[in-house]
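Read through the structures below before going on.
Consider the two complexes below, in which subunit A is the common component and subunit B and subunit C are the respective partners.
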Partner chain A sequence: MSTPSYNLLRLHLAQAELALDKARNNAYSDRRKEEYQNKLTDLYTAVYQEVNKKTSLTEADIYALYKRHIDFIFKSLEFLDSSTLNQIPYEIIECLNYAMNDWLGSRGDYIIVTSLINDVGGFSFDPSLAYSDALYDEIKAKYGIEFPQRLVQINLPRALARDYLASVVLYHELGHFVDMKFKFTESLTRDILNNVTEGRIAGKDLANLLIYFPYLNSHVGSKKTIPTQSQLFIVTNSHLAEYFCDLFASQYIADSSNYYLQYITENANFFSTSHPSTVNRVQTVTDFLSKSDNIVVKIINTAIYKIKKENLEIRNEAVKSDDFFNLVPTIIENVGQLHGILNTGWRVWLHQQEQLSKSLNDQFDNPLRLYSVVNNLLEKSIGNFITLNKWNKVKP
Partner chain B sequence: MYHSHSYQDEAFDFFVTFLKNAIKGDVTYQQLVLPVITDAHLLATGEKDYFTINRDSYSVITFLVEADTPYFRQLNTNHLTTADYSQILQYANTQREAFLA
Partner chain C sequence: MEQGKTVDPSYGTSCLLKTEIKSLIESKKLYLRPLLDEAQIGEIGIDLRLGYDFLVSIQGREAFINASKNDWIDGGTQRNINQFFQTTRRQIGETFILHPHQTVLAVSLEYVRLPDNCFMKLYMRSSYSRLGITISTIAQPGYCGCLSLELTNNNNNPINLTVGARIIQGLVYRLATDVPYFYSARKYVCHVRPEPSAITADKDLIILNDLWKENNNRK
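Right after this comes the complex of A and B.
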């Protein structure tokens, strides 16, 4: 058999073998990544053997049966390669792991890997290897190889990889991943649009809803079904997802990301097709944190409860900033404080720079020095907690 | 920053590929598509709703039911035929067009 498509498949296999060979030198801090990489080698061997057994393969067979599995090996290696020991901002990843475990279970089904990118605004999650179980189910059924974990990649700006103030936005990005897994906001979008077009929401509730989704005004009582693929559905879903992620993040980091959001969006009071207005986003978080009545919080909580029997709740504990001014790491006593200390760092930066400056005996004229001190104290405080926690788990 | 990507197309790609293999009689793939088709049937009959259908295949299930609710309502998921897989493939193949419509 020597068709062009078959020879391209052989090229793909050769490239994968070389990539796996190179990855053998990777050193990971997490044993699960090594195990995952070994599974990739098993998968490569299984695909290679099956392809070799075939006496004929059409182009369609190659695409439908094998190419995607080799693509998966490459994508996984891409994630693993950039997440080796010397590149990981370990402390923030551990914070996110705790938050992820609250929602996706503590069995370690998901491994956070990181990629440092050359874009100062480039905080994002790449869930492409964790969006759906379809491929994993296929690999298990076809080759008998089971991947017990899914890789979730966090992209971090290289320049801000150790910036614990800016990194709080990763909680928002984690929210997108959690929402993607449970489809909280996608389910809710259908519900809201049906209620609006069928006139099932009225009075004060409708007026409140239209504050946060003003473009729905012209659809009230229209009796038209809004298709899932329509622009209106997509925009509404996107806005709901942003509200959800802001709320999700604020469970852990309180109002920390509001400041950053207001700054980078210049506190926009208009919505875009992908994002609600910053003013509405900040108001929603403020209402949630102050336990004030808010229609967006209410409907999102209803959807979460229907799907997961849970609610949004404050999952952080306030940490005093005294240690910052003594220039020593704070002793974090529990996971709530682990998240809470990031908000403490923000409060020091926003309101107590002068006090910190006095502790350093400088003249409040060196923002880089203050920035380094705040980041170092946050990193050491978090790092100490993680080390102690691990020690307490293994000590006799 | 503050953006996430849509991976719905990829979920559809998998489903379409699985269906094509199911049509060829591959039992492994017939078993892989069965839970999705079953939930589409249950959503169409009202036995499940948008909050209770399978989360992993959510986009595919909701799209299929929107494409032809009566079809999925009457579908016998205990005995799916090649004709059923082919019909469902036709619906799934319209996803990109529907998105761009």
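Right after this comes the complex of A and C.
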């Protein structure tokens, strides 16, 4: 058999073999990644054998089955290759693991992997593998290969891979994973749109809601059902998801991500189809942290409670120490402080640069030196917490 | 030091004892973080552990490391010294193979801040010296950061080291006066990963290179 599509499939297979071969010596910080990679090799072998033993393949076989399975190998490798111990921002990923465990427990079903990309604004969550249950089931049924874990794929800029200030954005991206896992905002979108169109929300609550979702104004009491595929539904859902992720992150890193967000969006007072206005996002986080009334916090908390019997809560502890000004890493005493130290770093950067500069005898009054010092002290504070935990677990 | 005051002749020549070191730590004049085991503080010094970040020397496309400001010798293409090293990380408990005659830059697991009136001399612990590993490092008064460990294996066989193992002994010496670290310009500040040599930042090298130019009509 030698059709062009068959030969292209063979090309794809050859490319996959080479990629797997290159990945063979990857050293990971987490044994589960190695096990996952071994499963990918098993999958490759199974696909290779199937393709070779068949005397004829339909276009449907090629595209609907084998190509997708090889695509899956490549997608997984893209993230595993960037998640070796040498490349992964290990310390910050450990912080994210603690946050993920708060919501999913510590069963180890999910592995956070990162892809370093050449885009300085390229923080994002890629949901393509974490929720591909159908694909995993198909692979299990067809080849008998079972992947015990799912990959939680987070993209981050290569240039900022060791930047503990910018890294607070990763908590927001983890929020997308948690939101999709529990479908908090998906179910909430339908409820809100129904309540608005049916006129079940009114008065002060309606006025407050329209501050955060101004485009719903023309739909109040319209009695029309908003289709799931409509732009209104998609935009509302996307905005709710962003609000959720901001709040999710602020549980751990307080208002740290607000600063960065305000800067990179130039504190935009307008919304896009994907994101609410920065002003509204910052206000929502500020209200949550100060425990002030806020309609967005209220409805998101209601949705979370309905599904998971939990609420958003402050899950970080402020680190009160002058250690950074003594130019030494802080001793982190608990997981709350592990998250809280990132906020400490931001506080120093935003409000106490002069004090830090003074500790260095003012000779390093240049941003790069201060940036290095703050990053190094954050990295070592987190790293020492991880090291001590490991040590105390096994010491006699 | 006050003028006319008699100086203890032991200043700078005898190292601090366990009780003195512990006292400095308690009074937050000396920092060691993390200190995994109190027993690291011995009778006359501190055992320090191998950290998890390494810079391994590699042979790149450049013929040599130019540790001068003389740009005639390399055709004006002086490369960043980083180019001659490759970074690699391990986890505590993992191992790292130190090959014969290879230069590896590592750091101590402990982040250290010394008092302004103390400096630290670093030696391999005897068990590691006997394997043929050498080190030559001193930490200045007031130094802050993980200690840079320039390891060389003089044995003919590769040596497998454990990350987190106590491989270094630091002896602390007290000076008669404070010598604050930041009173002069510093190239190495609060580092937590190994840093390649910043030799070309030495201002002397510029003067020496100008001298060479003068002597060789290169101005």
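We take it that the second predicted complex is superposed on the first by the 391 of 396 C-alpha atoms of A that agree within 3 Å, B and C clash if a C-alpha of one lies under 4 Å from a C-alpha of the other, contacts with A are read in each partner's own complex, and residues count from 1 in each chain.
Rule of thumb we're sticking to: contacts are C-beta pairs under 8 Å (C-beta built on N, C-alpha and C of every residue); 3 or more make two chains touch, one makes a residue touch a chain.
In this text, all values refer to a predicted model and were calculated from it rather than measured experimentally.
Placing subunit B and subunit C on a common subunit A by superposition gives a fit, with no clash between them.
By the document's definition of touching, neither partner reaches A:Asn217: not subunit B, not subunit C. Of the two partner chains placed by superposition, only subunit B is touched by A:Leu261; subunit C is not. For subunit A, the partner that touches more of its residues is B, with subunit B and subunit C as the two candidates. With both structures placed on the common chain, the touch criterion links A:Ser128 to subunit B but leaves subunit C unconnected. Of the two partner chains placed by superposition, A:Asn7 touches none, neither subunit B nor subunit C. Within the superposed three-chain model, A:Arg369 lies in touch with subunit C and out of touch with subunit B [touch as defined at top]. Touch criterion met: A:Ser187 reaches subunit B, while subunit C stays clear of it. Closest contact between subunit B and subunit C, by C-alpha atoms in the overlaid model: 28 Å.
Taken together, the subunit A residues at the contact with subunit C in this complex read 29, 85-86, 90, 326-329, 331, 360-361, 363-364, 369, 372-373, 376-377, 379-380, 383-384, 387-388, 390-391, 395. The part of subunit C that touches subunit A in the complex is made up of residues 28, 31, 33-34, 36-37, 87-93, 109, 111, 113, 144-146, 164, 180, 182-183, 185-186, 189-193. Across the complex, subunit B is touched by residues 60, 63-65, 68, 121-128, 131-135, 137-138, 141-142, 169, 172-173, 176-177, 180-183, 186-187, 190-191, 227-229, 241-242, 245, 261, 264, 274-275, 303, 306-307 of subunit A. Taken in their complex, subunit B has these residues touching subunit A: 1-5, 7, 10-11, 14-15, 17-18, 20-21, 28-29, 31-32, 50-52, 55-59, 62-63, 66, 95, 98-99, 101.
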